[in-house]
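Once you scroll down, you'll see the structures, which are given as structure tokens.
First chain A sits with chain B, and in the next complex the same chain sits with chain C.
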Partner chain A sequence: MELKVCVGSACHLKNSRVVIEEFKRLISENNLEGEITLMGSFCMGKCGEKGVSVMAGNEFYSVIPEETETFFNEKVRGRL
Partner chain B sequence: MENITDINQIKMAVLKKTAEYAYEGKLNEKVEDIVYELISGPKPQFRCCIYREREIIRERVRLSMGMFPKNPHYKKTDGTQVVHVISAACEGCPIARFTVTPNCQNCLAQKCIKACKFGAITKTARGAYIDSSKCKKCGQCLAACPYNAIVDIERPCKKACPVDAVQIDDNDLAIIDESKCINCGQCVASCPFGAVSDVSMISNVIDVIVKKENDIYAMIAPSIEGQFGDASVPVLKEAIKALGFKDCIEVALGADAVAYNEAKEVYERVKEGKKTTSSCCPAFVNLIQKHYPEVMENVSTTVSPMVAAARHIKKNHPGSLIVFIGPCIAKKNEALKHYISEINYVLTFEELAAMFDVKNINFADFESAAQDATKYGKGFAKSGGVTNAVMEVVKELNFDTPIKAVKCNGIAECKKALLLLKNGRLPEDFIEGMSCEHGCINGPAKVSEVMASRKVFDKNVNVENGDISKTVSDFEMDKLNMHRPK
Partner chain C sequence: MSGKIYVDAAYKSVNKYTEELCGDRVEIVRNDDCCIVVLSDGLGSGVKANILSTLTSKIISTMMEQGSSIEDTVDTIVHTLPVCSVRNVAYSTFVILKIGYDGKTYLAEFDSPGCIFVRNGKLMPILYKTREIWGKTIKEARFDVEVGDTLTIMSDGVIYAGIGALLNLGWSFENVAEFMAKRSRTETTAARLAAALSETCCDLYMDKPGDDTTAASVKIIPYMPVCLFTGPPQNPEDDETAVCDFMKTEGVKVVAGGSTANIVSRILDVKIETNLDYIDYDVPPTAEMKGIDLVTEGVLTLKKTVDILKEYFNNPTERKNIDEMDKEHGAAKLAKILAEECTHVNLFVGKKINPAHQNPNMPIDLSIRMRVVDDLISVLKLGGKVINAKYY
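Up next is the complex of A and B:
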């Protein structure tokens, strides 16, 4: 599954880099390299949302950087 | 503000304004102001009216901030697509491809009419006439005319695209078929109206610099030699540090490590009777992935020099952020698709030039002669350079089996070699694939034309700085993971 994190300027200011770092750590810790491809993406057009724009497969989510681990465990791992 | 008359000026003016306000930390509040500062009116500078000019600037500001143009065609865009059409700037060039010019002598032989198998050409009092609704664009009339009176005019964007990814919509506007596009940037460089452009990360990079919360490292592609007058790499490294980067490292060092690794890989494969292609040019790898998937297994498993250099920096400076700076648009796509956790940002020379301009950098203020990489690693930037470096390693390590290489200079030559490889008829063992003619020194986001920059490049690169094996071991590049993700 492709896991895309927005790196447009609005999501950058909401700390999208932290979301990327967290996803990287969680993918590695759970040995999911073969199942999840972590990617960057330019603007997803949802700059007004509270969190950082993330696409997990074809599903859009808005992720608060501090809550990345919970999101990963609930939404991402649940989709595998 | 001087008048904008040239497409490069438009792109640079927007990048400079974006960089200026990003350095001041005011970009978000100034977004709409940029439009009016650049197009103050009331008279238009480069298009029919100021409203169209402002819309073009508005779209360009979006691109410079990592957003896509407001183009209905891109509702379903893959977020890693870098090259986009700015519809407001697209002139919708007429595309009656085969046209009769006044050179037509209205001759009696009527060779064009006889050559046309589709009855598209008729004789009129003023000469031959081609009915574009019947024309199948076979080109027979053009070849048949004894006066060279028939011309083949194609839209520059369509003509430049090597993979037929530029389509024309019902309103004659160009659109990009992302399923075919390899993000090589040829259409960006060729559109005479500047209607195709690349998305940028410049504001993110400057934001990190301004906030000073993280150390941010720049790494520069070897093709930078000759891009900024005769300023050499050691001087440019100092100048780049003055922009706010902690340090600046040569990607050519990564290229040394790539040559070292790739030579060993090719050698092992030759012994097994297998062929290898290079993997350093992202547009070339995209070409294989999208258009020659059968030969994907032949692509070298070695990472690109950009990735090798990033891993080198990350190893020595854990927790730091990394920016690749090059002449390449496809590198943005490569980083987003495969390495977003390793290479945080990618900038082009155009974007770097905008930053130099805003920070009033004068290259004469800097002095240095410190070189990292060998002349072979630096040579990667020019067509033939990868092969040259791989052969140097073959020599240094005394490989007993000779390696035969084909250098593909530009995407047309790449396609030819890949077709042979696909059909099992490639005589050579190794394909060096470079999407841009002349190599990276002629990349689509360069700031200096290749005919001028080439001289400086050749002069500055051709300096003895040790052999590849020693450099790789001195910098401990042999201890890095040099493999691409599957």
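Up next is the complex of A and C:
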């Protein structure tokens, strides 16, 4: 599955870097490298949302950086 | 324009140990046809020397730029410079280097150590003629330069570097010339050349220069255009026109802006691959796109680029400022392209305001693309670049 994190201006300021680092850590800790491809993306056009724009597969989510782990466990792992 | 050459010029002065002011002065002026570099070394050191050399270089560069002859220029200097009460002379050395964008070069020297002319890593002889103007012996030379040639002029502090300490008689013109010939093969810009020479002089003086020490380098570079596309057009119907204008203009292609990159990707039907490596936490990652040389995020990156360029153009021979551009993040890469690999900048600027960026919860930085673009234009002009801007 593709996991895309927006690194556009607005998401950058909302700390998309933290979300990416958390994803990297969680993917490697759970040995999911074979199943998840972590990618970056420019503006997804949802700058008005509260969190960082993330696409998991075809589904759009807005992720608060501090809640990345919960999101990963609930939404990402749930879809595998 | 393509057949023309362009001139990259930079200098570095180091003050005599304990002096607050420099007695050497360099002026670099450009107009549509040529670049003129004037280096002057005023008699003595400190305030007096500073005033003499400033007057000399300023008068020469202004008059020559306006097309005055060397006779008139020297005449003006002789009758303007204040006479030193101690030595009873009005004296300041000078070197004038006038390089036309057709390659025709004019060199005039008065009491200066000389000019180092390097082509393909080898020293080139300069054939001088001498003549007297108002009792001063002026050495003149006319020759043609080609892309890749470097020319270096200096104050005598350079050739005397290390005198009486590390080197009995100082570094000498011959040794400096050999050093510059060697360095011309590895240093890519005028600023890097001048910095290398000045740093070596400081080493030879063991960081306590016995005289004001100034090196000015010139590198003949080809016409190097860069095209920078930033911001979505105000009216989406103009997207295609903007992308077409951008792509068909000659030059290195840079896209700064996520939404802008998305537009280019849509119209050219090429994929964007965003990098995930954060080299600098302040600068968002770059992306790869076939046919585009550099793809970066927009406003934040441009703002950082402007900061880097401001520091650099204010002091291009400062090592710290050069190193800043050798970093790997998007803003440094863009700054390096604009500062070192470019003579003409074609800007394609979309005026659309991203509504999401106007959210009062977002930092102010995001809403100011147009201001950042204006800042970019003024800093590039400071760096001697020729700017062409188109707005959509």
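Please note the rule applied: the second predicted complex is superposed on the first by the 80 of 80 C-alpha atoms of A that agree within 3 Å, B and C clash if a C-alpha of one lies under 4 Å from a C-alpha of the other, contacts with A are read in each partner's own complex, and residues count from 1 in each chain.
Here, a residue touches a chain if its C-beta (ideal position, glycine included) is under 8 Å from a C-beta of that chain, and two chains touch if they have at least 3 such contacts.
Please read all numbers here as calculations on a predicted model, not as lab measurements.
Trainee: Given the superposition on chain A, are chain B and chain C in a clash or a fit?
Mentor: clash
Trainee: Contact-wise, after the overlay, does A:S41 reach chain B, chain C, both or neither (first, second, both, neither)?
Mentor: Both: A:S41 reaches chain B and chain C.
Trainee: When the two structures are overlaid on chain A, which partner does A:M55 contact: first (chain B), second (chain C), both, or neither?
Mentor: After superposing on A, A:M55 lies in contact with chain B but is clear of chain C.
Trainee: Of the partners chain B and chain C, which touch A:L32 in the superposed model: first, second, both, neither?
Mentor: Neither partner.
Trainee: Of the two partner chains, chain B (first) and chain C (second), which one does A:G8 touch, if any: first, second, both, or neither?
Mentor: Both chain B and chain C are touched by A:G8.
Trainee: Thinking only about the overlay and not a real complex, which stretch of chain B clashes with chain C: 98-106, 116-124, 296-304 or 350-358?
Mentor: Of the stretches 98-106, 116-124, 296-304 or 350-358 of chain B, only 350-358 runs into chain C after superposition.
Trainee: Show me the chain A residues, by the header's touch rule, that chain B contacts in one structure and chain C contacts in the other.
Mentor: Overlap of chain B and chain C footprints on chain A: residues 5, 7-9, 12-13, 17, 20, 38-43, 45.
Trainee: For chain B, which residues count as touching chain A in their complex?
Mentor: Residues of chain B touching chain A: 27-28, 65-68, 78-82, 199, 201, 203-204, 207, 321, 335-338, 340-341, 344, 485.
Trainee: So in the complex, which bits of chain C are touching chain A?
Mentor: Touch residues, chain C against chain A: 258-259, 261-262, 272-276, 278, 281, 284-285, 287, 297-300, 354-357, 359, 362-363, 365-366.
Trainee: In their shared complex, at which residues does chain A touch chain C?
Mentor: 5, 7-10, 12-13, 16-17, 20, 38-43, 45-48
Trainee: Using the touch rule from the top, collect the residues of chain A that touch chain B in their complex.
Mentor: Residues of chain A touching chain B: 4-9, 12-13, 17, 20-21, 23-24, 33, 38-45, 55.
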